[in-house]
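Sharing a structure below in structure tokens format, with a few things to ask.
The first chain written gets the first letter, and so on, giving A, B, C and D; residue counts start at 1 in each chain.
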Amino acid sequence: MSAPAGVLPAARPAQVTAPVVVADRLGGYAHLVIADPVLAQALPGQFVAVAVGDRQSSMLLRRAFSVHRADPAAGTLEVVVAAHGAGTAWIAGRRAGDELDVVGPLGTRFVLPPAGGRVVLVGGGYGSAPFAWTAQAAVAAGVRVDAVVGAGDADRLCDVDGVRAVVGAAGGQVLVTTDDGSAGEPGRVTDALARLLEEPVPTTVAACGPMAMLAAVARTAAAAQERTGAPVDVQVAVEEAMACGIGICMTCVLPVRGADGATRMVRACTDGPVIDAAAVRWDCVGAHGASVPADAVGAPEGGAA
Amino acid sequence: MSAPAGVLPAARPAQVTAPVVVADRLGGYAHLVIADPVLAQALPGQFVAVAVGDRQSSMLLRRAFSVHRADPAAGTLEVVVAAHGAGTAWIAGRRAGDELDVVGPLGTRFVLPPAGGRVVLVGGGYGSAPFAWTAQAAVAAGVRVDAVVGAGDADRLCDVDGVRAVVGAAGGQVLVTTDDGSAGEPGRVTDALARLLEEPVPTTVAACGPMAMLAAVARTAAAAQERTGAPVDVQVAVEEAMACGIGICMTCVLPVRGADGATRMVRACTDGPVIDAAAVRWDCVGAHGASVPADAVGAPEGGAA
Amino acid sequence: MSAPAAASVGGATAPDPAAAVDMSVRLTAPAGTVDLAAGVLTASGCAAAGRELDPYLDLTTLGGVVTKTIMRGARSGRPTPRMAETPSGMLNSIGLQGPGIAHFLAHDLPWVAERGARAVVSVAGEDVEEFVDIARTLRAATSDDGPLGRPGTDGGVLAAVEVNISCPNVANRGLVFACDPGSAAEVVAAVRAATDPRVPVLAKLSPDVTDIVAIARSVLAAGADGLVMVNTLLGVAIDVDRGAPVLSRVTGGLSGPAIRPVAVRCVWQVTAAMRAGLLPTVPVVGVGGVRTGRDAAELVLAGASAVQVGTVTFGDPGAPARVRDELAAVVRHHGLGSLAGLVGRAHDAVRDGGHP
Amino acid sequence: MSAPAAASVGGATAPDPAAAVDMSVRLTAPAGTVDLAAGVLTASGCAAAGRELDPYLDLTTLGGVVTKTIMRGARSGRPTPRMAETPSGMLNSIGLQGPGIAHFLAHDLPWVAERGARAVVSVAGEDVEEFVDIARTLRAATSDDGPLGRPGTDGGVLAAVEVNISCPNVANRGLVFACDPGSAAEVVAAVRAATDPRVPVLAKLSPDVTDIVAIARSVLAAGADGLVMVNTLLGVAIDVDRGAPVLSRVTGGLSGPAIRPVAVRCVWQVTAAMRAGLLPTVPVVGVGGVRTGRDAAELVLAGASAVQVGTVTFGDPGAPARVRDELAAVVRHHGLGSLAGLVGRAHDAVRDGGHP
């Protein structure tokens, strides 16, 4: 993917020790504002990798977070953290004044359509974290924006207000869904997405959330395209368990078809996290990991290593 | 050792989570006041074992600290911490309001002479931490107290003012020594101790500090006893690397002669830390550990395992 | 399986969080079965003979106290330093310090009996004769009419004998029984023959071997009624300031959470071989790096019928009882009523294609 | 030893903290010697082929980039999950994913050369023929007049070949070369024969063996010019919530600070055998759990001439260069002018009775 006009090329990543300048809550999530000029160059869709604890920590590996927002003028980068296991619990517990060891900005970014185009943002859980900011960029670039923000329940909805403020102000729709109906309409993000894709205009869908959701978004978009005939280009920000985040460990791979049509196990951290959904081999991506397609380059004879 | 009249028997130890109510400095050391009713039962000479970090900590073992002071009425226990390695650095970094996981009170205590007797307290480095409090107990019990407080340099002297306040008020002498002469008189605690033992009265010496110092104190006392004819009973609070502090691991042993005259490798955490210096096999105690005397019970044939 | 353990033992005032779960585990001997109150025990060398832990937990809520390995005579052990802290672990080099079997039977085991707890007695020797001697002495002291009660079946203090063939600290011309299938089998057969047939004999294995399944096979053929895996890994730490080894005798045993993946792997490999019919099926006791009930559950899901909590007890003396309660919570979380139901489930998940 | 490395490499603007210390290390091949700028390298599989680390450190300050093990053809590797974090460590199960030797020579090695860094190329095969094939291809690509410069002696990009006989992930009928002295020797002899005689061949050993000295003896007899110790330990982690193994293929390699005591022990045992004349003396490269310069110093004091930094790089991409500087500080702290002076000092301390 090449940078569209007006978008800066991705900054060369750095490893920095940076202060947390604000630590508060964003709904059910911890929200951290980190001050660093390099991190502040991040672009929508990119992520940062945060170290846990000090040099005596028993947790050696970084935790990855999508960039919620980056502001090169202010020199800040923001993340939204769900305290899940011990590492994210530690990160979510940081207070203003603490320092964090962060590597970033990392990975690929969302590529918006040219001015006059349309983008639909689809976020599940903390997957919607980057979308208020992404929407801002889109609006600034003259792109029309709609959004779907979903989660399992109301507590896990992320930044609905932020997305609404930007998208609503620009005249776009924001649909909210929860699986259990505790907020917004009951159901899946894909139900809402399908409605937004009924309109027969070329659309870019930018989606971020659990793998199963991303697969469903890809299917929904394909079905809509078939139905309306208008091209729907889907970019998904994938989440694979990552040991390094910088391309040296090969733990984060998933099967993706290349320009040559051949499937390879590519690194989600360097070839992603934003990947063209049409290239992903969804048939081999499951809830707990990805298998190696039998026709992948270098797949073991018989298909299973 | 049995409890002298008026001294409570040692409390049954407990594992507690207790708040730090004061965290400040005592000279070059961190000083923590911990609130807990069980810990507050500790007696002079005993120690507590403090856990490092949370359940994700890479440091599994507790750190041992002599009790600086315990106050059953106030429900508090105090320790003085030298930030040495990573574990003590973490403990020294606690602030008021933080919680600590502490096991105690642990080990044996100093046994003071009966009223009218004399005690000389000898502390090296943080070894003098318990002595202002010990002196208070002695004064209250009608025991005459003198003290030697020493260290390598002025920065490592511990609680000279506290010891002076108690011992001086009671009319006793407090001699201060540093190896480099940066405070008090230049020289070793044993030089000062030798002077205090010139007086031919039965004396109990209570000493706490590095092993080499304790051995020298024992030698100095024996020489004084020989010279003056007055008995000098030496109790040393030993410091052996401890994995558990409660008697289950057998890492903290040192060779000590028993009532039956036989030498055994006894646990510094349960048979100590306060041990009768005359029973310690100083010939087998070095700066970096203790060897097994060839005549110890169960020593391997040939003397070396 | 016996009746729910939590209902029958302990007298805690707080409601027992494990109340609804049957945490018991059954061991089998040639002439009887032994039901332990819970599938969580202490580990040898990490609880002395139980007494020192009494202030911190209720020993009767555990499956038993696995005693520090006892030898025939008194042993002074090694010089100090005997320990080094390492990342998420530690090295130890105690050299099997202990008072000898006679003192142990006179002073230590009676305390466990009086407390109402059970003991798994760990034994070792420098040669086969010493192993046999200790086993015989132990058998004589726990006869049906002795003060320590009937061994094994009838709930006497002696729940099992653990044969420590894997201690890397024993100076046996540099060799460790557990590293050679032949001598491992010889020792286990001799101890089994010298032990009351109602008392299970468990063989404790070392992970420091090329093929742990081969060692397991040979000790099972020799009559072991169960396996305990794993003992420590051989390690070295250097004191960088002094430029010398930390431990007085250079090498020591590595333990703690650092080694848990190795312990889980050994349990997995051996129980996989049992499931494949390549080894006779006996209970496996998992040990290595258990800090929480979830850690214990890893060993159980990998095939262990019970677990031991070792090194972590040094930093957290209440750990074995806490781990028991936390493990019970995992059992409940899986919708199961007994610990036995959790045993080996991860093998089933793989067999059932529970993987991408 | 060559001239002080710090003076001759790198162009850092800050004063080089290692400036006063000769951090270099010399390897020897049958027909030449190779001087590495520093006795600190990356570890295979933990730095790809170097390029991805370029934003975080100056690769030319290191002794070299040890490349991800390369095989003959492209390999897709294993399904995911391929990793599990464990206490002070991690498990990995990559399955030697890689583009194959041709792609590597066309795209990866030239980048290292262009960057002015050195490479130690790690190679593996499923059988001896594959090993030989790769070694031959590598030799052909690094001929004296080739674009990659003269190998070995003359400072070309290829500093050494590391033979990965110890990867527990390679499916070779369940067997691992490194666990059998015979097949380990066969592979090393074959690679040595197929490699330019000016290029040192290092054999990388697995710690998962009963007797690592025996394995070292056999690969040294087969012509290894140096040893690399250790590769990962075999481990398993269970996802307690799912009741299934975390890794898609159940077992993985355990690495990180958790295993450092095992790595130090292996280095100690093998170099002790060299000092006792039981093994020929060659350089040993220590790897396993290095997080700081003090950790590296443990391996060096135990006998390693150089160290590799692996897993820790994932959490701290600048680690290899930082470790190099911190190790230099330890050398200085010991009053020494060169890393070589620190090598094996802990053995001397024991010999000189530096112990209680």
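As a convention for this text, a residue touches a chain if its C-beta (ideal position, glycine included) is under 8 Å from a C-beta of that chain, and two chains touch if they have at least 3 such contacts.
Bear in mind that the values here come from a model prediction, so they are computed numbers and not experimental data.
Trainee: Could you name all chains that are in contact with chain C and with chain D at the same time?
Mentor: In this structure, the chains that contact chain D and also chain C are A, B.
Trainee: Greatest Cα-centroid separation from chain C: which chain?
Mentor: Computed centres place A farthest from chain C.
Trainee: Based only on mean CA positions, could you tell me how far chain A sits from chain D in angstrom?
Mentor: Chain A and chain D have C-alpha centres separated by 36 Å.
Trainee: At what distance in angstrom does the C-alpha mean of chain D lie from that of chain B?
Mentor: Averaging C-alpha atoms per chain gives centres 47 Å apart.
Trainee: Where the centres are mean C-alpha positions, what is the separation of chain A from chain B, in Å?
Mentor: Once rounded, the distance between the two centres reads 58 Å.
Trainee: Specify, in ascending order, the residues of chain C that touch 2 or more different other chains.
Mentor: Each of 79-80, 87-89, 242, 248, 256-257, 291, 355-356 in chain C touches at least two other chains.
Trainee: Using the touch rule from the top of the page, what residues of chain A touch 2 or more other chains?
Mentor: 56, 58-59, 288-291
Trainee: What kind of graph do the touching chains make: line, ring, star, complete, other?
Mentor: Graph shape, chains as nodes and touching pairs as edges: complete.
Trainee: Can you list the chain C residues touching chain A in their complex?
Mentor: 87-88, 257, 355-356
Trainee: Taking the complex as given, what residues does chain A use to touch chain D?
Mentor: Touching chain D: residues 12-15, 51, 55, 58-62, 87, 101, 103, 240-241, 243-244, 246-254, 264-265, 270, 288-292, 296-300, 305 of chain A.
Trainee: Quick one: which bits of chain C touch chain D in the complex? Just the residue numbers, please.
Mentor: Per the stated touch rule, the residues are 79-80, 84, 86-89, 91, 179, 208-211, 233-238, 240-245, 248, 250-252, 254, 256-262, 264-265, 268, 289, 291, 294, 297-298, 301-302, 330, 333-334, 342, 345-346, 349-350, 354-356.
Trainee: Could you list, by residue number, the parts of chain D that touch chain A in their complex?
Mentor: For this pair, the touching residues of chain D are 45-48, 52-53, 55-56, 68, 73-83, 85, 87-90, 92, 94-95, 97-98, 100, 171, 242, 248-249, 256-257, 291-292, 311-318.
Trainee: Which of the residues in chain B end up touching chain A in this complex?
Mentor: Touching chain A from chain B are residues 53, 56-59, 86, 90.
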